[in-house]
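Chains: A, B, C, D and E, in written order; residue numbering restarts at 1 for each.
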Amino acid sequence: ACGSGGGSGSGGGDDVGVTLITKNSSNPFFVTMQEGAKKAGEADGVKITTAAGKEDGDEQTQIAAIEDAIARGDQGILITPNGPGVNPAIEKARDQGLYVIALDTPPDPADTVDVTFATDNFKAGELIGEWTKSQLEGEKATIAMLDLFNDKIISVDYDRDQGFLTGMGIDTKDEKKNGDEDPTGSYDGGDYEIVCNEPTTGAEDGGRTAMENCLTKNPDINVVYTINEPAAVGAYGALQQAGSEDGVLIVSIDGGCDGVKSVKDGVIGATSQQYPVQMAELGVKAIKKIADGGKAPEPTEGLDFYDTGVQLVTDNPAEGLDSIDTTKGTELCWG
Amino acid sequence: MTATTPETGTTSHDGRAPVLSARGLVKTFGRVVGLDGVDFDLYPGEVLAIIGDNGAGKSTLIKAATGAIVPDAGEVRLDGELVNFKRPQDAREAGIETVYQTLAVAPALDIAANMFLGREMRRSGPLGSVFRMLDHKGMRESAGKSMADLGIGTLQNMAQPVETLSGGQRQAVAVARAAAFATKLIVLDEPTAALGVKETNQVLQMIERVRDSGLPVILISHNMPNVFEVADRIHIQRLGRCAGIITPKTHTPSEAVAIMTGATTLEDTPGSVRG
Amino acid sequence: MTATTPETGTTSHDGRAPVLSARGLVKTFGRVVGLDGVDFDLYPGEVLAIIGDNGAGKSTLIKAATGAIVPDAGEVRLDGELVNFKRPQDAREAGIETVYQTLAVAPALDIAANMFLGREMRRSGPLGSVFRMLDHKGMRESAGKSMADLGIGTLQNMAQPVETLSGGQRQAVAVARAAAFATKLIVLDEPTAALGVKETNQVLQMIERVRDSGLPVILISHNMPNVFEVADRIHIQRLGRCAGIITPKTHTPSEAVAIMTGATTLEDTPGSVRG
Amino acid sequence: MSTTSPATPGAETPAPPANTAAEQFAKRRRSPAQRVQHVLHAYPAISPLLVLVVSFLVFTYLNPNFGTLRTQSLILQQVAVVAALAVGQTLIILTAGIDLSVGAIAILAMLFSAKLSADSGLPGPLAVLVGIAVGTAAGAINGLLVTRLRLPPFIVTLGTLSVFTAMALLYSGGQSVQAGAMPDLMVWTGEIVNLGGLRITTGVFMVVLLYVVIGFVLKQTTWGRHLYAVGNDAESARLVGISVNRVLLSVYTIAGLIYGITAWILIGRAGAASPNAAADANLESITAVVIGGTSLFGGRGALLGTLLGALIVGYFRTGLSLAGVDDQWRVLSIGLLVIIAVSIDQWIRKVRA
Amino acid sequence: MSTTSPATPGAETPAPPANTAAEQFAKRRRSPAQRVQHVLHAYPAISPLLVLVVSFLVFTYLNPNFGTLRTQSLILQQVAVVAALAVGQTLIILTAGIDLSVGAIAILAMLFSAKLSADSGLPGPLAVLVGIAVGTAAGAINGLLVTRLRLPPFIVTLGTLSVFTAMALLYSGGQSVQAGAMPDLMVWTGEIVNLGGLRITTGVFMVVLLYVVIGFVLKQTTWGRHLYAVGNDAESARLVGISVNRVLLSVYTIAGLIYGITAWILIGRAGAASPNAAADANLESITAVVIGGTSLFGGRGALLGTLLGALIVGYFRTGLSLAGVDDQWRVLSIGLLVIIAVSIDQWIRKVRA
């Protein structure tokens, strides 16, 4: 009974075993991803076991889940890494012959995993940045930046934040560092003031507290960048309770069905839509293919990950900026 | 099983049925034997003393009889009815008030609160019946009266937490509580151990008053003069068993001590007059 | 301030200096006055009893003298030297052993552990001196001997947690501990309150043995026969003050009780022979 | 002047001469600090109140915005949910227990009522009741486990923390329910009432009501008395004839009911029912209770303290933020301030004379 | 056969006739469950051990990989850090305290030593010592606050939790330090030792050593004895002349030292020093202690229980994961299993006869 070899001897017959490790299991984005992976797994004869961090940023639980996947005898791992702390565990898994694919968030460095299927997060940020710029029409931008973390550096976080500022035409200085911009200056078209960079942990209550903190610093905020839609929901709640939701542009990233509806209702101005089901399906298929002796897909040209695409969703299209309206957005949305 | 005390029947010396009686009580704690098949009877209107060395099983006996512990074997009857006290509450509800040796007070609560614990006075009218509001003032006054009755004069403030009281003051709270609420019988486990001379006399007088009012009393005490002063009958515990039952009329204190310590037996020391 | 007891000087009746003496001790608890300017003296080789009603301040007095509480005012001298006991530990280190009324035992620890608490026996050799290893076996044996000396025969297992002991057994543990370790004097706050007749006699004998070995003893007790049996002098506390100092030779127990309860005063009841 | 302050010791009123040592002692000179300590000691709630007032002044000095009604209302809203949960937590801690499942129960109740009303069109009043019922049932389960299995509350609620959290996520699929999808009554707790500039939600009012009602019950009723007795010394309570298990069961159940009500307040506060809404509620509610002076060993404490405890933390958090203190420095300062605030409180309670 | 089991009550050996009621009682018939309970009661450590063995069998049945040495070593590695922190936590809980800052101290110590060695080229042994010194100092600060200010340990460590966490983040700037940047000795604790198939890290060995040493000290030395006495009844301990403050200060300091050592083990385990490495350490370490049977009220418990408590949680987590149970269901099951495991333990301890 002792001495099990490499990645063989899975517990579930001749199925290929894959573990999907998400950042958490309370964000609809990741729940959708789990469901997508399960469905794809059923179709391809892949047994999917899900695991998740307790909350966004929880690396320890993800590390244990990676180790468990190795011990279980899985062939591959799909992971949305919660931070650089999981890198050594990923390397261990690959040493043991598992195929590791990142979804949603490319690890740093990108070659920590075999391949990443993700949104081009910088572009996703850039799109909402450019849209915001066009809506302001030269008006002064008083900006709240509702980021993911302030105690951890992770690619989705700086890519989206710096992408947004770049889209606005603000000098971001270090492209991998949030908050090092000049607090005031001018963007393409007018003056700007960045009131705050607050962490939200990508969740509603984090978004709300962050927005409240920003509002106490400056009640005249008129542009709110949010890392994702849960954070946007929280931010809106704070604005509403402060009685200052009118005339504020909230922009976000995700494109979940609730988010698209918020765009439709005018709560969110624009959102960059991501495609988590696609990420999951591609990931499952890739591992299946490799298990059957095939080869993994290559990263998209010019990027260090495989781009699963992103589209701007808004009902106020800006000139020269490709976007889809909420009707189309609803067709494509998830959750 | 009733061999140890053959003279104890189910009806009394003067023909009355016992108020509280127990047969064959056994209680072991791991290897330690607390009670080893003990019978006892308490008759109407009497003061029954229980004496015995430290660790003889006195406290365990009254705990088993009042629901504080559940005996391993044996039965307890109240007015001839088999009772099955699972909790002290059951005995309380049957009218049995007990002052346990550990006093059972809530240290952080004040004197009045402790006196009325588990049977609080409520406000009159709907405030009390519907909102179940406490009658703080009434309880303080009543507690003050009870303490004064016991001669505890050093206590003025019924809102003083019990943990700040002197050893004897604390004991007085527990005794006053029992005296105030018993309707069937009172059990006192060393109620005067920490009391001063004056306070002790007060408790002894209280015991006699209670007896005279018709309620029987069980008194555990190491103080032979006290025991011989108030007891009608004396149950002697020794090493977890009953070593005999005597009366102050038939035996002297030193005979009682001799039986209690095993220096002699009831058979060898039948006393001057047979009970 | 020494007006209450004018006859108490700094040197004794027979010319010896007191071992322990206190002057003008005051201790208040909020509105409650525990000690109201109390003086007392303990002379070499004597048994000093402290008597008084519940709440008279007896426990507070000895607590203030042994570092268990810090008095608000007043001073304490040991062998004439001013001492400043901030913690009970300071008094212990000076050779004063005290059995507090609350016993001060750790309920979850066993009998042997409690007997040696704070002064554990260590293994001989480097195991003890370097690794500070406990000598479990030695402590159990020694504890068993001490308990037997006190006549507590019902206890066989020194590894039994103290919380499972009977009231008297528990008290015996505390008394045995003090007897074993005192080098200067022993203070006993109602040491026999929960003890049986036999065990009480044993403690009284122990007190006499200690006195005969030269160590003075302070004994707080409500038991007048016991007090008059062993005490050389009797300090009477009343309402936080010293109501006088008498001796068994000069006064009768009922005179003592009368002074204690305020029925009379020392001036009105000078006793048969002046001390 | 001397006649208007007769209670002050050492006042110049011609007092009767001190005739006992203790009276002399009482009339001794005291340092000004001791006098302050003495006065504060007489009113135990004053000291946390004082901490509040001082921090109000300091933070307003640092940033005048802090003193505005707007900021004050914001703080009340931020604190409301934790303060409400802390009511239940106080009850449980007073019985010498602890509740690690408080956040999980609130989320479970919230998601059940929100999803039921959104998906199956349950009308508002019913949905609110379902939420409260779910909370109550969850609390009762905790209570049953504590009393029947005689497990330490820490273990029971640690277990149900996982169980209830997982149930909530499994039921909701991680989906949040937006305000628009629920009947109006469900989000009524988020409605703003304008009290002359103080913009307060109805939820905040409900929390205040909760404190008044439970505060009354604790101090004035038999049940409250028994709760303290059980927490102070369960064995003594049992011996005097209090049904310890019944008291404990009722405490956990009522705590659950309070969490169920809080779930409703939480929906209003968050403008949505989302599964992460009360993630830090466990530690934060326990913190409010403990800063409020209630002992984790049971039987000692008061509900008013909990409210002040919750407010103090809210003041520190927002005040430092307004003062422009950066996040990590804010975290550091809050840690220090908590220790300082409680030290002051301890110092005042310590006074004896 | 009858002669080989003389200790079994009711065996068929010709016993002397029962001559007292209690003896008769002891010889009564018992149900098989009672007999099992009785045997287990005699050896308190057996019951958690039994839980471990049973779960081993069940999980191996569900997935044979569970039973492999490989998986067993994995569990040991996963559990090691929490088990190490739980040693310090046990000491503190035995004194009726609690430590919420355990994770924060470990992270602080870890980041200090890692960054110092990476940035300023501090040699390995010195860097390790710095880590241990930082941990010890942080523990001593907790101890000083508890003893000097007489604050409840919950408050003190809640405050220092924030303070130490913020310090760690401010010092490190949220950056993690990778293994490659540190001297070899710093990551030595992650080195694998092969014990005939059981591939265990040196860190795991250190944890075992920690248990042996502290277990010995607790049971066999004066200090251990005094620690129990203080936790059991601090006032009594004071009255018998134990220096309560000195004991408490030493306990918090030694706990800090243990956390400092754990920081080193943590670097090896994580292959890096990252500021989020021990986020859940507080609740997890307390959980191990409580599942291990130590009372949160102090004075009762043993270190061996803590080790078994930590292992039980690790078994459940990995076992369910290997069985392919999905995330939320796993969370739910772990909650249930914890309650069940402790119930069994309680049931066994309850037996009196």
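We take it that contacts are C-beta pairs under 8 Å (C-beta built on N, C-alpha and C of every residue); 3 or more make two chains touch, one makes a residue touch a chain.
The chain lineup, named per UniProt: B, C = Fructose transport system ATP-binding protein; D, E = Fructose transport system permease protein.
Nothing here was measured: the structure is a model prediction, and the numbers come from that model.
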Name, by label, each chain that touches both members of the pair subunit C and subunit D.
B, E
Computed over C-alpha atoms, the centroid farthest from that of subunit D is that of chain C
Tell me, please, which chain's centre (mean of its C-alpha atoms) is farthest from the centre of subunit E?
B
Averaged over CA atoms, how far is the centre of subunit A from the centre of subunit C? Could you give it in whole Å?
74
Counting only Cα atoms for the centres, state how far subunit B is from subunit E in Å.
46
Subunit D and subunit E have mean C-alpha positions lying a whole-number Å distance apart equal to 31
Determine the centre-to-centre distance between subunit C and subunit E, using the mean Cα coordinates as centres, and give it in whole Å.
43
Residues of subunit E that touch two or more other chains: which are they?
169, 328
Shared interface positions of subunit C, touching two or more other chains:
29, 102
Among the residues of subunit A, which ones contact at least 2 other chains?
25, 150-151
Mind pulling up the subunit E residues that touch subunit D in the complex?
96, 98, 100, 145, 149-152, 154-156, 158-163, 165-167, 169-170, 283, 286-287, 290-291, 295-297, 328-329, 331-332, 334-336, 338-339, 342-343, 346, 350
Any idea which subunit A residues touch subunit E in the complex?
1-4, 9, 11-12, 17, 25, 34, 47, 49-52, 54, 57-61, 63-65, 67-68, 70-73, 83-85, 87-89, 149-153
In the complex of these two chains, what residues of subunit C are touching subunit B?
29, 31-32, 52-56, 59, 101-102, 152-155, 157, 160, 164-169, 172, 190, 193-200, 222-225, 239, 257, 260-261
Given the complex with subunit D, which residues does subunit B contribute to the contact?
68, 87-89, 91-93, 98, 100, 102-109, 113, 117-120, 122, 131-134, 177
Over in the complex, which subunit E residues touch subunit A? Could you list them?
62-71, 74, 77-78, 169, 174-176, 179, 197, 270-272, 274-280, 317-318, 321-328, 330
